[in-house]
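Have a look at these structures, which come just after this line.
Two complexes follow with chain A in common, the first pairing it with chain B and the second with chain C.
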Partner chain A sequence: MKQFLFFVQKEFFHLWRDKRTVWILFGMPVTQILIFGFALTNEVKNARIVVLDNAQDGASRAIIHELSASRYFDILRNLRSPDELERTFQEGKIKMAVVLPAGLENTMLHERTATIQLIADATDPNVAQTLANYATAIIMDYQQRQLGEQTVPYTINTEMRMLYNPQLKESYNFVPGVMAMVLMLVCAMMTSISIVREKEMGTMEVILVSPIVPIRVVIAKMVPYFLLSALNIASILLLSVFVLDVPIRGTLLLLVAECLLFTITALALGLLISSVAESQQVAMLISLMGLFLPTIMLSGFMFPVENMPVPLQIISNLVPAKWFYYIVKNVMIKGLTLEYVWKETLVLVGMTTFFMTVSILKFKTRLE
Partner chain B sequence: MTGELAISVQELTKRFGDFTAVDAVTFSVSRGEIFGFLGANGAGKTTAMRMLCGLSFPTSGQAQVAGFDLFTESEKIKKNIGYMSQKFSLYEDLTIVENIRFYGGIYGLTDEEIRSKTEFMLHHLHLEDQAKTLTRSLPLGWKQKISFSVAMLHRPQIVFLDEPTGGVDPVTRREFWTMIYQAAHEGTTVFVTTHYMDEAEYCDRLSIMVDGRIEALDSPQELKKQFGVANMEEVFVKLARKAKRTEA
Partner chain C sequence: MRTLRILLEKEFRQIFRNPAILRLIFMMPTIQLLIMPLAADYEVKNVKLCVVDLDRSAYSQKLVNKITSTNYFRLVDYTHSYDEALKYVEKDEADLVLQIPASFEKQLVTEEKTTLFLAINAINGVKANLGGAYLRSIIVDFNREVRLDWIQLPRLNVQPKLEVAAINWFNPLMNYQVFMVPGILVILVTMVGGFLSALNIVKEKEVGTIEQINVTPIRKHQFILGKLIPFWVLGLIILSIGMVISWLAYGIVPLGSMLTIYLFAGVYLLVVLGMGLLISTFVQTQQQAMLLSFFFMMIFIMLGGLYTSIESMPDWARIFTWFNPVSYFIEVMRMVVLKGSTLFDIRYHLLIVFLMGIMLNGFAVYNYRKRS
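Now for the complex of A and B:
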């Protein structure tokens, strides 16, 4: 046991001497949470648009008024002819143009259908889509009110309720994702690098000649990164709750327990990588390509798994982050209890046991 | 430990696939002896040494190290040997004192022992002022001397040195050998590989490996007489020329 403590102490010395890395490891989750929380949002406010009003009648003026009154749009100016349209877009000053057809009110009243053209700059497809949706909603709203004044036999209204995240906040989605990413990076990558470094430096040989039991070496290597991860989990959760207003609806105990479980999964993966890699660069590459990318791409955090081609969906089941992401989302946002996520938890436990066993076996055989 | 032999090896062999790195070598080393292990690059000396340290598993043969069987009692062997590898084996981002503390700790020394050994070592190597210096910033010669002292921390019966003076200047090498003599004088068996023929002359007995086999084994004086040459260099060259293996 004392041998073990000496080893852990040594690992802390390594970390302490490499303060820059510690700051990166500790600062990264905080920065990521803040960037995702405040900068990365699909919401568009005060987008500049132009209007080409060919109608100049009551209806067109009313619609233009509605658009300019909304906080989503700033009407830069009114165009006089369609020729100006392309030039305005090319100047890059506007994101969208609204073209109202001549005789709009007349058409509405007599033909009972009218078309308003929305032209959006789709170089940024997400923004274009969002703006078009906003404009459509505003125009529909106007139409709804017009209909209300007239007597129509019936109308169908849809009423939407957004469960668990009524404000459709992106942060609800990425907090669990960032957590998975950070744990993968801190635990898996750093553990593998720190073990491979000893191989590279030649100190591993000296350790293996000494009477210390190899399994203790491995565990001692994991301790600092486990603690660092625990701190990261705490800081992410605190930031989420107090800065981004993401609630923790489930029990904190279950949430933390699941996070620690995933931390161990990541540590086991790091150990596995270290038993394959012969240099720090290789360990880093494997961690990034083999763990970090799948965590981002296939966990469902950036792109919904349901929309992927079937082979990718099957592969995504092998990514531990996918299960972790599901669990955290359900426990944290939906407030579900273990009763609902025990299957996913079991998958994670199984994966962890498997990785641990394989890597410890591999670590031992390497000595012979 | 029973008997006078520190190391006793019979027909020890290591094969990597078709390649026989060490081919049925047999030799023994007495207690307190400085035993030089020579050979051209790729002759198999490092592999042989790694087997004796428990870093590499022998394919066949028998060996007793510090009185324990290499195959069945490797844990006991580990407690009784020290090892200094070819690569620099201290942690560069730790101070001298932290390195001593770590290696003392994993060999199970008590805090009290570690403290007194650290003091003794710093004093002995005239490093009192450098105690808090990161090992990284020390000159190579000093590092090697500290490495050796660290390998001797737990007073092992046998210490294995794998090319300990590679790249070190002649003065420091001389000082290093003074430390080796001192250790041998105190009863530690020293098993050392080297490329320097002047160092070979310092050894009590020498073995020269060619192509995985021990081609010569005797004291430097006897070897020179046997081959009818004036110095070890010529003995070595005569033997090494017979090698069929190209450098691995």
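Now for the complex of A and C:
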């Protein structure tokens, strides 16, 4: 035990003497959770559009006014001729063009059907679809008001209730995701170079000739980073609640325990990378480039997992962040208890055990 | 000139002598470009629906049939207890609960008015909104059919009518991969270039070989150029591999000219590499270099407009993106590849990125000290 404590102390000195690294490790998650918590949103608003008004009458002006009054659209300018359309799209400034047909008001009142064209830049299909929906709704609203309210028999009304997030705040979805992403990447990166650096520096030999067993070396390397991560978790949770306004509806104890568990999973994954990598550069490239995109794209907070092709859904099960995102979302925002997330917790425990075992087995007691 | 050539020879040798790194920087982008775009599908489909039918009448059956016959909804369960349905939402097995009241058919027919109740899991606000809107439009449709059953509408609709026709340009099939692939390629090129250059000088510091260079007559700018050019070439090679993959695997052929893409990529890589080199002149260890470049890279990428659109961000974040090289490259790639924009269309992007490159590299040369 005493031997182990000495080792932990050694690792602490390593970490603590590099003040710059400590500052970066502590400041990075905090800054990122703040920036992403505020800036990331899937909502579409302020989309720049152009209008081609071939009618120039009361109805067309009223519709343009309605569009520009909505927070979804910013009307960049009015085009004069359809030839300008393609150019304007290619300059990349606009997402949609609204083309109002000549004699709109007249057609609408006498011939009864007038068609308004929406041309969307569908390079981003999601935004194109959403904008078309918004614009259609605004135009239909305008028409409804023109007709005046009428009561129609046999009406089915719909009453909607938004569960868990009545104000539809985007941060409720993004904060758990960003937590998973930041903790995963920062923790894995921290330990991924710890073993391989000793190999590169030559200090590994000193450890290998000492009587300490591999398991203690490996665990001792985790301890200081684990404590640093615990501080990070505390600050991330405080920021989420008091600055980003995301509630903690479940028990705080369970949430913190799950965060700590996930931290250990990530640290263990880092150690595994460290024990197989041959140089610091390789270790860092694997832990960043290898983990960055999968963590963002397969954990489910950016793109829904159920939309992915089946092979990818299976692969996504290998991403620890996916399980953690699920747990945090359920405990923090839905306020569920361990009863609902024990399976996911068990998966994380299993992954951690696997990473630890492999990195201890891979830990060579001899130099090549 | 000769000094530079010899320096380049040294750098290239170092790169090629490390097959592990070389494998990594070619394999990782290739595999990720093949897999990741498949994950990116934001279309709202497979919304999991749980119906609580307290009526169990012909009309309620008809409504449920109508909803499930669309592609958007998947019926999870058909129960008669709201609490049971809520359990599904808690377990994430349902996104939407539609409750049909006990006297749905009776109210509709006799009182001519009835209310359905819809509960939505709103943690993901956008999905909730869209799913709810789809379901409502189906209900409105159903409502119209019911009316047609009961009342004879005048054959000629006397109301003035507006129609809206939506046309999708540049990506008529609304294929999400077409949108993601160029952006993901940008991220991969950025990561490879940025990380490798950030690690490079600092590794010489850590290993001690920088001392040897410091005592030679090599000038500062020659040294920086010697570090810059190899990674610049590597970056362009990775971009080329990526373009081939997006053609073979996704059938994406740039509408605009290749020359424009490569010209912009060449200038853009100067920015990424300059940033890496600047970081590596500041720090002492590879760990610090990696952490710092990761910090900036992650912010640049997440706010680069690949995942969430820049227009929707708050003002301060939008102003930040003016200084974000990644957002310029992602925008240019999408413009040239998908819309066929020309060099003239992207002239401001090019100019801004060029100025960034000059500044970062100039600063890196200035900040590199030959004295320790």
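The rule is simple: the second predicted complex is superposed on the first by the 244 of 368 C-alpha atoms of A that agree within 3 Å, B and C clash if a C-alpha of one lies under 4 Å from a C-alpha of the other, contacts with A are read in each partner's own complex, and residues count from 1 in each chain.
What we mean here is this: contacts are C-beta pairs under 8 Å (C-beta built on N, C-alpha and C of every residue); 3 or more make two chains touch, one makes a residue touch a chain.
As the structure is a computational prediction, the values presented were derived from the model and not from experiment.
When the two complexes are overlaid on their common chain A, residue A:221 makes contact with neither chain B nor chain C. By the document's definition of touching, of the two partners only chain C reaches A:45; chain B does not.
In the superposition on chain A, A:322 makes contact with neither chain B nor chain C.
Once the two structures are overlaid, the count of chain A residues touched is higher for C than for its counterpart among chain B and chain C. In the superposed model, A:13 makes contact with chain B only, not with chain C.
In the superposition on chain A, contact is made by A:207 with chain B only, not with chain C.
Contacts of A:161 after superposition: chain C is touched, whereas chain B is not reached.
Of the two partner chains, chain C is the only one that A:115 touches; chain B does not reach it. Legend: residue contacts after superposition of the two complexes on their common chain; A:129 is shown touching chain C, with no touch to chain B.
Of the two partner chains, chain C is the only one that A:298 touches; chain B does not reach it.
When both complexes are aligned on chain A by C-alpha atoms, chain A residues 18 touch chain B in the first and chain C in the second.
If you check the complex, the residues on chain A that touch chain C are 18, 20-21, 24-25, 28, 31-32, 35-36, 38-48, 89-92, 95, 108-109, 112-130, 132-133, 135-136, 139-140, 142-143, 146-147, 152-166, 168-170, 172-173, 185, 189, 193, 197, 278-282, 284-286, 288-290, 292-294, 296-298, 302-304, 306-309, 312, 315-316, 326, 329-330, 333-334, 336, 340. Only residues 2-3, 5-7, 9-10, 13-14, 17-18, 201-203, 205-212, 367-368 of chain A touch chain B when the two sit together in their complex. Taken in their complex, chain C has these residues touching chain A: 18, 20-21, 24-25, 28-29, 32, 35-36, 38-43, 45-46, 48, 89-92, 108-109, 112-130, 132-133, 135-136, 139, 142-143, 146-147, 150-151, 157, 159-172, 174-176, 178-179, 184, 187-188, 191-192, 195, 199, 203, 283-288, 290-292, 294-295, 298-299, 302-303, 307-309, 311-314, 317, 331, 334-335, 338-342, 345-346.
Taken together, the chain B residues at the contact with chain A in this complex read 53-57, 75, 78-79, 81, 83-94, 98, 101-108, 134, 160.
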